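A single structure is presented below for examination.
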């Protein structure tokens, strides 16, 4: 049976910076990874485009959509769903949320990903995780669209926010993304409006690789790693071996 | 190569109630599990014995040692080391700590276990974890007894304290111990001084089994489990798949 | 003057598992205890019913209402108010909240009860407590329906959630419910859709009884207790003796 | 260029008790300080008025507006904007929030002020800060009303709530308001409906002055201070000297 | 049977400022209250004395002892025990701690009191509470001086520190000390070396009285109170009525 | 009057990686910056040296001392004091601590710097901050070495630990170190035993520069910055303007 994963991204580019490596790595292992972009980040995360002459909301959204599609392809995303719900602020009404539940149920993810639970700089981010938790719960309800396959209990990983310490985000899992680094870098380079972040998130991956090595043994057998990503788990794991 | 684990237990019985299942399970998988009892809990956790006529410290310690040895055997412990350092309070001087470091280095554990980091009821418990962290660090130092094999970066799991919420302990890992439950129960029944805890910790295992099921899928595919144990990880994991 | 209490329960069964003992105990002392069920838990907490052939939302709600009424009677609830607002997700608009305020003002509770403030598994729970705090505040406003009796400052007790540690819930009060245990068990047994929870919450009561004993004196004079419930207080107490 | 500041106050009097000194002090230094009162606190913070015969909502609002205007004048407020959005509960729809964004953009504050992030007694307070953070974010979006001057990154100071410890509020900045104390006291005395708070907040200022002295050197060179206010910063500072 | 209480105070004056009201109130109710001063605060809390010509450590200690005795008498303390262990830093070796255990066992307190658990300004304070918890645990051990009466499970109340928010101290209990206020003030006025704190802690008591009123009903039936003290409980309460 | 600062570093290299920029910047402004290295990190942070043939503790310490002196010179340190107290674990007895107090009193720092308050990887680090707080307190005591100049209330900045999120460290202050970057890099390059950290901490500085820009205005007027350092303050600030 095919394994699946679902990334819920507030704005079009978040899935690239924050978990592009995880996407590419799992796609390479045969996972079908669906990315749900709630908005394009068209108002709040496209400063460079808005500084151009004659820019309009539609043009920004088109540009951002193009970038997101290119990045998704570079990462091997199975399906990219752009809900185009608007940003700054992002708001989902009941029917929008029902669509998110539909996606969750359709994908039946082995794991989900979203933003940190606190972000005073960007309320869209924490709102998205709140929605993700609510929709995960609804997807688990036997009385919601009875007859559909009900969701199990997938982990929700919180991917890395900008300025981690300000968000109270603490990674408990480091993933080695060295084998797919070129894909992540290529996906980042699709984001023409945020060129200054290419190197920023390259350095993030290098620092996390250092943490990967330290936590896998450090100077005494730590595994070499060039690029990594960090995640915080919301729920406990269930295991047969520690 | 044989896998190993190391449990650092403040008092003689802690390793039984709190991680007896993990010990038996991993022993069954071929791990060599070493248990380090810093004290016998002779003063503070042997009320029943002290209520007997003519009791002395030596008699209590002998009784507790006997119980610990029997329990260790029931669980398949590879080696039980009783340091006999005294309890209520437990105090380790520099040479005691050096012995703990020696054990860590000798065992070279894949993972370690100890108490919660906070416990206002029982300061021996939090002190033990503080010592465990310090000694883990020393065991990683290349300049400590140069020439010895240096420790890597084993996880430190904090096993379940009594009254979890008062200790700020939050489990992130549930381990299914159903296959070895009879061994854990047998080990608990070696603890004649604390009969009232046999059923208490049986119920703990049943509640954790419920949590195991919920977190592995709940009503929609959750795996059935009759007995489980919970653990909190101090350090992040390093993985190749989420 | 009759003392009163108000329980605000997200779903029909929460008041039974989480504070059925407190209800029965205080009813026995002459309190008039009102239970406000915001929903029946018809979509999200009735899996067993939904697995039956030909089930409909109305049938589930009717069954759950029947169970809640039977349980309320078993506990000696003064009045059970079912608002039937829907679950998974639960949402209260302004007029729904005004009705909650009306109930609070009518009851004039000596204390209130609701869910933990955080629950990533069940956003209805934390939402309910948010609503309870908002409505408590409105009930205290002299300008809300001027002329009505204004609410004082009743304690809000947060009753025990499932998987306490994941919710950041920490009990500061243990209530001995041994004298009314049979009533709580009887009320639980009215919940035919959740048979697996009868024993689960029986064990919870037994574990809390152990904590009651420990915190009332332990091995040196602790009071024997067979069943207890735990609560977390939101507000400070005001006393004349410590 | 004129420096500016913006205070977002849930109810008409909050800006007086909580940051009246900061307002007067900065006004005296040439800042143009705008105060945005989202409501008059007419329902929830006007108990004394409601106890009068024949009181109506309009009369209460008029009285509270008068008090707020008098206090603002006493403090040297540049502009007092009363949005009259209702209180207990306070709710802002999208267009209300857009007006808040408009104000932020118009003022272009060097710093902003609002309530603590948690307040179980008064959900209007924490809601206001949530709105302040959201609107600050929108004001920073290049795609929101393109062509307008985009907001930089002003600090958001959380002013002192009632019962600080219950709110999880921790001041990191003490401001000496001794030079403008008479103005703050005069502004407080405009609040005829809350006479009991005049001395309460005078004592708050005296206690904070003690903290100012302690943290500026205490017995060894601490600066004398008679009245102070405390603030908690949401965002990090950027400096060229520590 | 006489009820008893035990206050463990790092320095000679702490018991006066922080719980003088609780002492006098309970003494008036017939409790025998023992105060254990670990040091005189002779080095770190006697700045005024040290500024006098020709001062010596012995003179300071004598003066502080005299003040403490006078204050204890004013409050109706049953026994004042000055251990004279030195301050800044305070350090207790094993035999000092054994003496503390002896006192706890002798007093058999219904409740204990000590400092906040965190205090970056004054490490003696947090150290004292750490010692109090350890010694409480030892006093509960049946194997410590077998034959002595073993301690039950008295509450440990943390009294109010200076600059509460910096210490992470959160009161959960307000005690009305109005009936004994004159005694507390008189005791404070015995502290000639810290005259500036007389009014400071008078204001603290007035602010806490406001909180007492708010939490007992506020504008709708809150009980009038002129002076109060606040306390944080370490352990849960066990009750028969909420 | 010359301004001064004091850095308390657990191991010889910490002051370089964690606050080398702050040292060089303030030295350039005329501050006399004293660096107190409690140990050389000879056992625990010199793995590369220990892997060489024929290494001894004395050789390692000599090499580390040389590196520290060279780095100090590169940064413009006023005085480097190496206490040579041993590491892994670091332990200070009473006389060692008195020496630290002496240094604090002699320097009379405008601000102090040390490690994060929590570090499960490296207990020397958190121990050092505990010592720094205790010694700061003693230096403030009028009765400690009466006649000496008593310490005021300098800020204690906690510099950046490795793996910040695991330490619960949250920066509240970003310092632009661009003007002295070459000096910090030169100082880092004196650390021959930890070559792999040169680039690691260069990236840290680049990431913090991004945070500096964001928090000083971001896309709308944020100040350009190439290298920065972050710090967490223990104590509140006292100011005359926000």
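A, B, C, D, E and F are the chain letters, set down in written order, and residue numbers restart from 1 in every chain.
Basically, contacts are C-beta pairs under 8 Å (C-beta built on N, C-alpha and C of every residue); 3 or more make two chains touch, one makes a residue touch a chain.
None of the values given here were measured: they were computed from a predicted structure.
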item	value
Farthest chain (mean CA position) relative to chain B	D
Centroid spacing, where centroids are CA-atom means, of chain C and chain D in whole angstrom	37
Centre distance in Å when chain B and chain D are each reduced to the mean of their C-alpha atoms	52
For chain E, residues contacting two or more additional chains	47, 121, 140, 142, 166, 171, 211, 214, 219, 235-236
Interchain contacts (touch definition) - all pairs	A-B, A-C, A-D, A-F, B-C, B-E, B-F, C-D, C-E, D-E, D-F, E-F
Interface residues, chain B side, partner chain F - complex	94, 97, 130, 133-134, 137-138, 140-144, 146, 156, 234-236
Contacting residues of chain F [partner chain A, same complex]	47, 121, 162-166, 169-171, 200, 203-204, 206-207, 210-211, 214, 219
Residues on chain E engaged by chain C in the complex (per definition of touch)	5, 22, 25-26, 29, 111, 140, 142, 149-153, 155, 157, 171-176, 211-212, 214-223, 225, 230-231, 233, 235-242
Residues of chain A defined as touching chain D within the complex	42-44, 46-47, 50-51, 55, 57, 60, 87-89, 91, 120-124, 166
